[in-house]
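For reference, chains read A, B, C, D and E in written order, and residue numbers begin at 1 within each chain.
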Amino acid sequence: MGFPVVSATVFAPLIGALVIMCVPASRKEVIRWIAAVATGISLALAIYMVFGYDLAAGGVQFAEKINWLPAFGIKYFVGADGISVTLLLLTAIVGFTGVFASWGIQNRVKEYYITFLALTFACAGVFAAFDLFLLFVFFELAVLPKYVLIAVWGSTKKEYAAMKLALYLTLGGAITLLGIFCLYFVAGINTMDLLELARHQFTHNQQVWLFALLTLGFAVQVPIVPLHSWLPDAHTGAPTAGSMILAGVVMKLGAYGIIRVAIWLFPEGAVVWAPVVAILAVVCVVYAAFVAMGQKDLKYMIANSSISHMGYSVLGIAALTTAALAGALFQFFAHGIMAALNFAIAGMTYDRTHTRIIAAMGGLAKVMPVIAIAFAIGCLASVGLPGTASFWAEFSVFVGSFPIFPTLAVLAISGIVFTAYYMLRAIQRVFFEPLRHKEFANLPDARWYDWVVVSVIIFFIIAMGVYPSLLMDLISSGLSPILAGLPEPSAGGWLAFLGGVQ
Amino acid sequence: MGVGLLLPEIIACIGGLLILTERLFSKGEPERKDAAWFGAGVLVIAGVAALRLLGVNETAFQGSYRVDDLAVFFKLVAVVAGAITLLFAPDLLAQRRVKSGDFAALVLFAATGMMLLPSALDFITLFISLELISVSFYVLIGMQRGEVRSAEAGLKYLLLSGLASAVLLYGMSLIYGLTGSTYLTAIRQAFSGGEWPLLAGIGSLMILAGLGLKIYLVPFHMWAPDVYEGAPAPTVAFLASGSSAAALAAVLRLFGESLAGLNGVWLPVLLVLAVVTIALGNIVALPQTNMKRLLAYSSIAHAGYILLAIVARSSAGTAAVMYYCFLYAVTTVAAFGVISAFAETSGGEIRSFAGLARRSPFLAFVMLITLASLAGVPPLAGFMAKFAVFAAAVQSGYVVIAGIGLLLSVISIYYYFMVIKAMYVDEPVEATPITYGWGTQAALIIGLGGIILLGLIPWPLLRLAQEAATFARF
Amino acid sequence: MMDISCYLGLSTILFVIGLFGALTKRNAIVVLMCIELMLNAVNINLVAFSRFLDPGQLLGHLFVIFTIAVAAAEVAVGIALVLVLNRYRDTIDLDDFTWLKG
Amino acid sequence: MEIAWLAWAVLFLPLASFLLISLVTWPYRKLSGLVTITGIGISAILSLWILARVIADPTPVTSTWHWLTVGSVRIEFGCLVDALSASMMMAVCVVSFLIQVYSTAYMEHDEGYSRFFAFMALFTFSMLGIVLANNFLMIYIFWELVGLCSYLLIGFWYFKPAAAAAAKKAFVVTRFGDFGFLLGILLLFHFVGGFNYGEIAHAVEGGHIPASWLTIATVLVFCGAIGKSAQFPLHVWLPDAMEGPTPVSALIHAATMVAAGVYMVARTYDLFHASADAMLVVAYIGGITAFLAASMAVAQSRMKRIIAYSTCSHLAYMMMALGLGGYTAGVFHLLTHCFFKALLFLSAGAVMTLYFHEENIWRMGGLYKYMKVTAVVMILGGLSNAGLFPFAGFFSKDEILVTALHANTGLYILGLLVAFLTTFYTFRLIFVVFFGPRSEWSPVAHGHDHHHVELPDIGNPRPSQIWKMQPVDPAERAESDRHLKKEPWAMIIPLSILATAAVVAGFVGWPGLEKGFSSFIYYHGAHEHHAFDMTTAVASNIIVIVGILAAWAIYGKRKTAADPLSEMLGPVYRLFERKYYFDEIYLWFIRRFVDGGAAVLAWFEENVFTGVFANGIGGLFMELGRVLRLFQSGWVQRYALIFFLGVLVLVMILIYGVPGEVPGAIAAIGGVK
Amino acid sequence: MMDPVMGEPNNATVIAFAVISAMVLFGGLGVVLLRNVFHALVAMVVCFLGVAGVYFSLQADFLAVMQVLIYIGAVAVVIAFAVMLTRRGTMSDSNRFVDNSFQLVIGTVVAGGLGVLLLGEICKIAWRISADKLPGDLTRFLGEAMLSKLAIPFEIAAVLLLVALVGAVMIALEEVQKSR
């Protein structure tokens, strides 16, 4: 085994955190640079994996296996297939830019970066894990740093928001854990290795119930609508980088779990439940879009729009076709960086104006043009404009899910209009129009670290918008084993009456 | 082997006697901490002796005493819990005008009881070991001079424990009357036919109630919050970790082994009570404002989790119980170590944890990890333990019960994280940095290391537990 | 020699009396006394069983010796605690000892 | 393949300009302008050359690159160069180039000079993308990008509330159409399995798409055109879009982008042609819009809005032509309209630049003597717009009318009516602006630097109202008039080139021409009536002349700056003036249902999901904890009581059993395995 | 009922049992019902004596002696000391029931209910009476058992008593010194 690339990618932030622990808290600049270097290494390695992954060979590459808890067949098994590579890249981008987005934090810098790096580490771990137990460990490991990040460095209702997040996510985790137990004992082959479990044939009944259990657990993390109440508060309450990673990466953990675990292991269950998931997805898209429209607080609006956008992913997941699933995964990436950008901008404006109420800002484009342009790009990406990564994501989802759930797909697509409506309204009210308050006239524009955040993310948004096949091929390669287990896609299921195209 | 089988207990007991003797001949200033550390050393030696008994598997004293890996494992729990407690205890006791020698001697005697109990194979040994633990704890709880809460807690524990002993004895007497023996193996045979009178069921329930007090089984748990609050933190540390572990060992022996034939009676009861225990512990912990009370309810909830593994009635379940006991002991002791280091002066109010991260980052970090472990954040020890327990329950088919348990455990996040919030978010009520002795520091480092390492490298201990669990019969 | 049931009945009634007292008497010392009554009741049980059912091994007899010792120990510590409480609180009524609650 | 490479070059040069400006030259104003002009200029030259090549050899040329494969979906980036796209490319490039040149003067003092040219370059790139696209997905992509540019350019003066609102409105309203467009594309993809025009045409021919679904898909695709070409009922954004700088209005909202809808219908004519119902929809939407827009133009007070409605009406004309089977007619009008409408806008822009940025025609009057060049080109443009022989507009409009005559008498009559209205409003504009007396409310330059002061909007003053307004002091006005400048060369040159085109471009469609326009661009599957119809030609010319006379009668001799028509038409005038209250109705709908729905759901979110679900359940547990806590009374005997109550209950359950199915239930829970 | 071992109970045994039972029960009731705690203490001693009688009647002489020695000689004396040390107010009302009538009622029900259920079940059992003989020298037998098979409990009991003694001193020494 050569250099453990995946482990290094995952653990670089953690090692950074450990190094920071040894630095005196007063050396703030040193701490920040350590964090930047740690996440930078992670990013570099992730990019290396994107190009180093052998598409022709496919499968899990860069794998590392060490026995961990043989009694349960638990291994430390990390590796990367196309999906993992993509999402590790996402995590690395958000982690790296998150460090710079937090550069301005002055309060308890040392603890802040330790927490942030720990969170990045946990998120990356989820995407790299190919052992179910390990995956769950990383999954749950992320909760505590999230809590601390929000509760200590957050704003508005931070303690409430942090607690709500912790409770909801733990609830999801508990359900997932139960599902993992059941699947482990039902399989009865004494392994948590996803590759081996995927080879095991579960009976139809088992698949149906285990899929339901696991997906329910993961659905809290996504979140899918009736279980989403934690998200707007958490995303709003979190500090800038916290919101970035929450919206950019954490939201993907649950949906990733659905694909990686629930669908891969229980394809028949997925088929049975697909209509339900699809309906919920569309509810997510439309409902959250309307709720976002009704928000007065910029971050609440972005948070709700995230739910709406993840609805597209979930719809793609429900459709279970190649294009739809690939679109869903591409949406992870696209929405991840785009939401990170939007939250970064919301944070930058908040840092300057000390308000997040949309109506209280206005005309800021004159004062901070760079931030305005970045926000515009973020919003337009969110609207799914071609040329941004989001377009390909949404388009693939639509193409893939339209034949399966025509009616639902139409409803979901209507979301692009609503999104445009509230996103552009936000730009208009925050950045356009005459400067509303005189005291905002002398606010500074983007500082150098803001430039880093904005330019790195925008680079990826546009690059993946123009050259999507770089990631799309990786995703497709990663999806092929998962799709192999799925039956031929067909319209309808038991909700065929909603369809009717064929 | 003969007396060699009793070596750990003898070492602990003699250590206690030595300390008492020394107390008699010295003026014994309260500041002296050497007695406690001597006690810790004695326990370490006892632990080594116990380790040497691994794999021995011998029955002695005409079938009333057995040393097998199961027993040794619980002996180790007692030793670890006692030793760590004795490391940090004197720092607090010195402030409280309690001679650390007195404390150490009693801890050693209690530890003796805890080491004997898992080996006890007849009612008499079992009962007397249990009472040794109880009586030691009456004193340990109530010995804090000038602190009326301590005495109140002691009296409450004594009265309830006494009543529980009476019920336990009554139940034992009924079983004895019905089987004609106090030996667990003989009782097992007597009930192996499957036919038994209702009175036997009543007897087993009374035994369950009597032992239920020690293992925080609802509704026999009522003493716990008051005692936790009133007793000195080191006492509670040892009580929460060692006493319940030993009692659980007794439960495993009694119900798993001798009353196995009566499982039609006690199994459903335990099943329901386990869920009730988890629910009540977690729910009542929510409105608590005192850290020690909160941990009491948390102990109750955790007892519920462990019971799930007991009702699993499998080798994996037994292993999970043992594993849980060990990890829970380490975690709890660390938690009370932190409380003992500074919060005891305020009676352990959560308020006093405000801003701890600024007053003492180390203490706050230990508490953070401890609480996270209790809350089941992977990959800390608490998570691994919970994982083993619920896995055992599911493996035995209790999917719904395990699911309810897991969902109820979500509630616990709230109160654990509230404390974390207090430590890391709230402004400190007083800004003075906290000082503590190196004993405390050592204890906390050991606890912290245990929580993290046993979580990251769970395999050796779990394997030990699994191998030991093969000695339990069902 | 009486029937064993008589002894068991006697013991049960004594147990119940003790339990009733423990639950309803105010005075801490009396409650301790009631617990002693309960332990005595158990002892009667044990001795009766031992005599009637197990005269060969007499495990019940042996058991009783230990319970008596335990009872004495408990009383000793209990009285000590009551005395301390009485000193601080000037009362030995159990319903006054409710500092610790919730 | 050479042509294909040239086409790619035409496409990417503007993009390169955009990137160059936005990444490098944005701090240097002049340089940025130069970059765009150079880039588009080269594109224009290349496009002319390509057109020449295509005229010589009209075989369609395609070139494709593989872009992306998702599952079974293969997405290509390809261009299709044939007569249609080559002509359109030429029009776009040339008009765009001229407008860039014009803009150097128009935007001279604007602080967003670099930004303007960057956006314009990006827009040209996007528009060319639509023109060159060889598949539906690509056209959709550029369609959206064009929408983006439109948004950016309408909102160019983002600090003006009206501009910011208009930009958003334009984007959202067109997005509404795009929603349908996307659905249509998806539907087609579902049946065809590809996005290429060729594949789709093939599938349509082969009858692989059920007829009803074909109609639905086609109408959905047409939705996109409705949005982008500002057709009824999504026409509401176009007049507001005039908040952008005038070159933008000229390029995007007159000459090119709004034409994209028409172009798209023409490009995918295979699809439309296969569905008679869809064609009918197109025709009627066109007819209705043509009339609505023309009638609204009659009663507008702002110069650019009048022209905007005119645009709307003309686009509708083209739609009607396409819907009635007049492929060549529609496309021909598209191209000629391109020139004369750009001309009209640019002249209007010139008037505004010179006239203190004033836009309301009732603040003007008699401007002919101050800006003769502008007036002349505008009149030429107006005549072309009205469709007087021999101006460009005449030829194309005539073809449309001929098509209508043969296809649908009702629409033919409507077409004639619209022709009248067109002439009327065009000359209303010209007479009010350039002739007659100066308005009492004309603006004056203020202060030393003659800066412009925002004047209140007076709308269309009613004759009865005029005394209520405060006229400007004539002396002050005279003083200020002395500062009126002349048109700069950067304006005159493009204007004259466009004027020339507006005058002569129609002759390529001269009916007698051997190899005229109709032999160059035509739809292979349709039989079109290209025969020249003398009656129609004469009738339309008479209508134009009548229209001019009517306008002269009403406005040419006016004494005051008030609209006499408002008294003649009464409430109808008001209906026109208020645009049939479309905005009000839509706004009411949005406020009521969209914003209202959002408010309701936000409330629901806060009170039900957060209030009841999250906090409620959490609070429930907390309260339960508080209640259960009461049992922990601190009284040890109560504890003992609970202890023994527990024992008693357990013993009783053991002896008497439990009611109902509890043991079974417990057993069941235990027995899931 | 015939007792296979000990033969028919005669009048003397019945009367003796009745007396013993009366001592036990009235003693017990006295502890609970008497209003003066000293009287209660005396009642307890009576009860303990009765229990000793029970042991005696069951031929457990050694236990009977131990009962008297430990319970009456030690426990009762310690309690008497405690009563004296804590005396205050009127002695005649020193042994009251709790005020809380809920506790009283439910306590009664619980205790009574448990007793009734236990009695009912005990009566249902046909106890298998062993025919074995008692060991000849009971005390010796017990002593030997203590030192062989029950050596561990025996040792533990010693430690336990030590703990209790030392513990009581630890807890109360100061108090005793102060009150002296």
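Quick notes on this structure:
One rule holds in what follows: contacts are C-beta pairs under 8 Å (C-beta built on N, C-alpha and C of every residue); 3 or more make two chains touch, one makes a residue touch a chain.
If you're wondering where the values come from, they're calculated on a predicted model, not measured in any experiment.
Using the contact threshold fixed earlier, the set of chains in contact with both chain B and chain C is D, E. The central chain of the assembly on a C-alpha centroid basis is A. Of the two chain pairs examined here, A-B and D-E, it is A-B that is joined by more C-beta pairs in contact.
Most remote from chain D, judged by the distance between CA-atom centroids, is E.
Averaging Cα coordinates per chain places chain D and chain E 101 Å apart. Taking the mean of the C-alpha atoms as each chain's centre, chain C and chain D sit 95 Å apart. A straight line joining the Cα centres of chain A and chain D is 35 Å long. With each centre defined as the average position of its C-alpha atoms, the distance from chain C to chain E rounds to 6 Å.
Counting partners per residue, chain C has 8, 15, 18-19, 22-24, 31-32, 48, 50, 53-54, 62, 66, 70, 73-74, 77, 80-82, 84, 94-95, 97, 99-102 as the residues that reach two or more other chains. For chain E, residues touching at least two other chains, in rising order: 98, 103, 107, 110-111, 114, 117-118, 121-122, 127-128, 130, 150, 153, 157, 160, 163-164, 167-168, 171. Among the residues of chain A, those in touch with two or more other chains are 167, 185. If you check each pair of chains against the touch rule, the ones that pass are A-B, A-D, B-C, B-D, B-E, C-D, C-E, D-E. Chain D makes touch with chain E in their complex at residues 637-638, 641, 644-645, 647-648, 651-652, 655. On the side of chain B, the complex with chain E involves touching residues 6, 13, 16, 20, 61-62, 64-65, 102, 105-106, 109, 112-113, 116, 124-125, 128-129, 131-132, 135-136, 138-139, 142-143, 145, 151, 154, 177-178, 180, 197-199, 202.
Residues 357, 372, 375-379, 383-384, 387, 390-391, 394-395, 399, 402-403, 406-407, 409-411, 413-414, 417-418, 420-421, 424-425, 458-459, 462-463, 466 of chain B touch chain A in their complex. Within the complex, the chain C residues that touch chain B are 8, 15, 18-19, 22, 28, 31-32, 35, 38-39, 41-42, 45-46, 48-50, 53-54, 57, 59-60, 62-63, 66-67, 70, 73-74, 77-78, 80-82, 84-85, 88-89, 94, 97, 99-102.
Chain B meets chain C in the complex at residues 122-124, 127-128, 131, 135, 138-139, 142, 148-149, 151-156, 158-159, 162-163, 165-166, 169-170, 172-174, 176-177, 180-182, 225-227, 229-230, 288, 290, 293.
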